[in-house]
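Read through the structures below before going on.
Each of the two complexes below includes chain A, the first together with chain B, the second together with chain C.
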Partner chain A sequence: MLGIIRFLTEPFAPAYMQRSLVISLLLAALSGVVGVVVQLRRLSFMTDALTHSVFPGIAIAFVAGESLFVGALIAGAVAATLLTFAARSTRIDQDAFMALVLASLFSIGVIVVSRHRSYSADLTTLLFGRVLAVDTADIITTAAVAVVALGVLVAIRKELLLRAFDETGAEAMGYSLLRIDLAVNLVVALVVVAAVRAVGTALVVALLITPAATARLLCSRLQSLMISAVAISALAAWLGLVISYDASVHHGIRLAAGATIVVVLTALFAVVAIAQALRTGMARRRTLAAVAT
Partner chain B sequence: MTNALHVHDLCVTYDREVVLRDVHALLQPGDSVALIGPNGAGKSTFIKAILGLVPASSGFVEVLGTTPAKARPLVAYVPQIDHLDARFPISVQQVALMGRYRRIGWLRRPGRVDRAATLDALEQVGLADRANDSFGVLSGGQRQRVLIARAIAQDAKLLLLDEPFNGVDSVTQDVLIEVLGRLRAAGTAVVMATHDISVAHLACGHACLLNRHQVAFGRLDDALTADTLKATYGHHAVMLAEGTALLSTH
Partner chain C sequence: MRHLLDLYDSGLLRRALLEAVLVGALCGAVGAHVVLRRLPFFTITVAHATFPGIVFASIIGLSELVGGLAFAALLVVVIYITTGDQNLDNNTAVGVALAGSFGLGVMLQSTQDGFSKDLTAILVGSVLTVDHRDVVITSVVGLVVLGALAGAHKELVFRAFDPEGAAAQGYPRLLDLALLLAVAATVVATIPAVGTILAVALLSVPAMTARLVTRRVSTAMLAGAAYGAASGVLGLTASAEWDFAAGASIVLASAMLFVATYGVVGASRWTTRRRAIQAVAAA
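And now, the complex of A and B:
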C-alpha cells in the first residue's frame, strides 16, 4: 500500500513536476467540462480543425519572437469565427470546409516553421507540447483561461443547453444561434490555445474528446457527465505524469509526458467501453436464458 | 381584437423553387387550424414561415399583430418528436423549464416561479411524477407530452405543433386534445400540422389543406370535404364515409 502511495506521489518532489501536475489538473478541469459541451454540440471535428488552425499562429509568433500564447489566441479566434459563420451557411459543405481550413492553415504553419533554422526540434515542441517545461506564468495564464472559459459557459448554460437539444426550438424562441455558437466556439478555441503549450496541437484534441466520450459511457445526466469527465481527465493526467516519470527515471525509457497522458486517457476509455460491452452481453444472455426457461 | 395569425398570399421559395404558394389564413385568439396535406406539401414550411425562420418571397405573415420575428417570444413551437435526440442527457423537468427561458432572460437562473410554472405544466400533461426522470427513458408519446408542457410553460399566445399526434399512444392523444382545448379556451390560437383527419375533427375548428399550394382554408366542415381532400391528396385519397377518408401520405 505504502509502495503504491510512494509510486503515485514520489514523482512530484521536483518543482517542475509539481508545476506539470498543477497545469495538467487545471487543463483536466477545463477540458473535461468543455469536452462535454463539444460532445453535446457534436463539435469534435470542428475542435480538431481548431487545433490545426492554431498551429500557424504559434508558428508565426515563434518565428517573429512574439508570445506563442498571443499568436495561438489570435489564430484560434479567427478560425473559430470563420468556422462559426461557415457552419451557418447552407451553401457550404461543412465537413469539406472544415477539412479545407484544417489542412490549409496547418500547411501555412509548416511552411513558416520550416523556414526557421532549428525547425525539427521546434516543430516537435509545437506538435507535442512540453508539459514538463511549463513555468508559473503558464499556470497563471491557464488559470485565467479556465476562469474566462468556464465563466462564459456558466453564463450561457441555459441557452447552450436549449440550442444543443433543440436547434429549431431555440431559433423559434428567438435566440440567435450565431451568437450562441460563436461564444461556444471561441471558448473551445480558448481551451485549445491554453492546452497547446502543455500537450501540443496534435494531442490537445484528445483532451477535449476522450474524457467526455468515456463519461458518456458511464452517465446520462449533464452534471454527472461533467463531473466524471473532469475526474477521468484528472486521473489520466496524474497517472500519465507518474508513468512517464517512473519510466524515465527508474527504467531509462523516455516517455513524452503529454503523449503518455493521452495514452492513459485512451486506455481508460477502452477499459470502460469493454466493461460496458461485457455487461450488456451478460444482461442479454441472462434475458435470453430467462425467456428460454 | 388583434388577429392571432393573418397570412395573405404567402409564397415561399427555396433555391428559386416555389415550395408553397397562394396561402391565406386568418385566425382569432382561441381558434385552431389543422394543416392537412401529404408529405412534402409544405406544412412544416408554413410553420417555419409563421416563425419567421423562412422568409416570404411574396405576400405577408402577421403574427399577433406584428412581424413573425418580433412575435417569437409569444409563440410556442413544438417540433416533431423524432427530430430530437432521445439520448441527449437531460431531465424531463429541464426540457419543460426551457419554456421559461425567454422570461428568465440571459445570464439569470430560473427562480421559484419558473419552477412552479414548469411543474404545473408537467402536471397538466400528467407527467409531474416523472419530472426528475431522463427525457430519453420516456416513451414517444410521453416525450411529446413533455414538449407540450414546455409550450404550456411558455405561456404563449400562438401555439405551433408539427405532427404532434404522430405515433403517440391513446393516453397521449387524449391528454393532447384536452390540453389544446384548455389552451384555446384561455385564448391561445393553435396551428397544428397533421396527417390525421379524425384528430383534426377532434382538436380543430379550422382546416387548411396544402399541397405545395393552398387547396382550401376555412371552418373545418367547409374546408375539409371529399372534393378538397381529393384535390389535396389526388388519387391517394379514398373516401370511406361522411367525414372519414383513407389517406396515403406518400
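And now, the complex of A and C:
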C-alpha cells in the first residue's frame, strides 16, 4: 500500500513536476467542463478544426518573437468566427468548408514556421507543447483563461441548454443562434489557447473530447457528466505524469508527458467502453434466458 | 514562363511534380465520395491514425507504409463495427480515436532519439524527398482505388442518395466498409507528399470546388481530379519559387482555386439572373 502511495506521489518532489501537475489539473477542470458542452452540441469536428486553426497565430507570434499566448488568442478569435460561419453555411457543404478553413489556416502556419531556421524542432514544440517546461506565469495565464471561459459558460448556461435541446424553440423565443454558437466556439478556442504551452495544439483535442465521451458512458445528467469528466481528466493527468516520470527516471525509457496523459485518457475510455459492452451483453443474455424459460 | 520551366530542370523537382500531380488527381477523384458522404472528419481521423502506425513501423524497422496502412485499416474496422448505423460525422468514437492515436504516435516517437526531423515529414509531408518507390506506390494505390470506385460506382451513388432504398434492395453494408478502406488507402498514399495533418485538405477541397461546377458524381470525380492536379502544379511551383513548405503550398493552392471558382461561378450566376430580370422588365 505504502509502495503504491510512494509510486503516486514521489514524482512530484521536484518543483517542475509540481508545476506540471498544477497546470494539468487546471486544464483537466477547464476542458472537462467545456468538453461536455462540446459533446452536447456535437462539436468534435469543430474542436479539431479550431485546434489546427489556432496554429498560424502561434507560428507568427513565435517567429516574430512575440508572446505565443497573444498570438493564439488573436488566431483563436479569428478562427472561431470563421468556423462559426462555415458551420452555418447552407450554400456549401459545411464539413468540407470547415476542412477548407482548418487546412488553409494550418498551412499558413506551416509556411510561416518553414521560413524559420530550426523548422522541425519548432514545429514539434508548437504542436505538442512542453508540459514539463511550464513556469508560474504560464500557470497564472491558464488559470485566468479558465476563469473567463467558465464564467462565459455560466453566464449563458440557460441559452446554451435551450439551444442544445430545442433549436426551433430557442429561435422562436428570439435568441440569436449565431451569437450563442459564436460564444461557445470562442470558449472552445479559449481552452485551446490555455493549453498551448502545456500540451500544444495537436493534443488538446483529446482533453476536450475523450473525458466527456468516457463520462457519457457512465452517466447522463449534465451535472454528473461535468463532474465525472473533470475527475476522469484529472485522474489521467496525474497517472500520465507519474507513468512518464517513472518510465524516464527508473526505466530509462523517455515518454513525452503530454502524450502519455492522452494515451492514459484513451485507455480509460477503452476500458470503460469494453466494460459497458460486456455488461449490456450479459444483461441481454440473461433476459433471453429468462424469456426462454 | 521561361523561368518557370527552368525551375523544373532538376530531376528531383520533376519527380516531386509527378508525385504532386498524381496525388492531387487521385485525391480530387476520391474526394468526390468524401464530400458526398460527408466524410471529412472521418478522413482526418484516418490520417491521424496512420501516424502511430508509421512511427511504430519505423521503430521496429518495417516499411512505414505498411505500418500506417495496417493501423488505419484496423481503426476503420473498429469504428465500422462500433458505430453500427450511426452517422459517422461528428461521432464520438471517431473523435476519441482521432485524439488518442495522435497521443499514441507522439508517445511512441518520444522514446526514440533524433526522430524530430522525420516527424515533421510525416506530419506535413515532404514531397521534395519522395523517391521512385513512393511514386510507384501512389500510382498502384491510385489504380486499385479508382478501379474499385469505378466498379462500384452505381451502387455507391445509390447508397449515398438513398441509404434505405439501397438497404431494402439488399446491398450489403460492407459497401460502406469498402469505401472507408478506399479512403484510408488514399490517405496513406498521400502522406509522403502532404503529410497526415493536411491530407484531409486534398481529399475535400478540390472535390468541393468540383461540386461548384457540376452536380453529377462522375463528372465531379473528373473535375476534382483536374483541380487536384492543378493544385499540385501551382503549389509546388510556388514552393520552389519562394522556398515555402511544399505540402502547405499545395493545400493553399487548392484553397485559392476554390475561392477563385466560387467567385467566377457566383459572378456568372449573378449576370444570368440580372439578364433574366432585365428581360422580364423589358417585356
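Criterion: the second predicted complex is superposed on the first by the 293 of 293 C-alpha atoms of A that agree within 3 Å, B and C clash if a C-alpha of one lies under 4 Å from a C-alpha of the other, contacts with A are read in each partner's own complex, and residues count from 1 in each chain.
Here is the rule we use: a contact is a pair of C-beta atoms (placed from the backbone, for glycine too) under 8 Å apart; a residue touches a chain by one contact, two chains touch by 3 or more.
Please read all numbers here as calculations on a predicted model, not as lab measurements.
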item	value
Which of chain B and chain C A:266 touches, first, second, both or neither	second
Contacts of A:197 with chain B and chain C, given as first, second, both or neither	neither
Touched partner set for A:96, first chain B, second chain C, both or neither	second
Partner chain in contact with A:40 - chain B first, chain C second, else both or neither	first
Touching partner for A:165 - first (chain B), second (chain C), both, neither	first
Chain B versus chain C as contact partner of A:19, first or second or both or neither	neither
Contacts of A:114 with chain B and chain C, given as first, second, both or neither	second
Touching partner for A:130 - first (chain B), second (chain C), both, neither	neither
Touch count on chain A, higher of chain B and chain C	C
Doubly contacted residues of chain A, that is, touched by chain B and again by chain C	216
Chain A-facing residues of chain B, complex	51, 53, 69, 72-73, 75-77, 79, 83-85, 87-91, 94-95, 98, 101-102, 104, 106-107, 110, 134, 136, 154, 160
Contact set on chain C toward chain A in their complex	34-35, 38, 40-41, 43-44, 82, 89-96, 98-100, 102-107, 109-111, 116-117, 119-120, 123-124, 197-198, 200-201, 204-205, 207-208, 211, 243-245, 247-249, 251-252, 255, 258
Chain B contact footprint on chain A (complex, rising order)	40, 155-156, 158-159, 161-162, 164-166, 168-169, 171-174, 216, 219-222, 225
Residues on chain A engaged by chain C in the complex (per definition of touch)	39, 42-45, 47-48, 52, 92-93, 95-100, 102-104, 106-108, 110-111, 113-115, 119-121, 123-124, 127-128, 202-203, 205-206, 209-210, 213, 216, 253-256, 258-263, 265-266, 269, 273
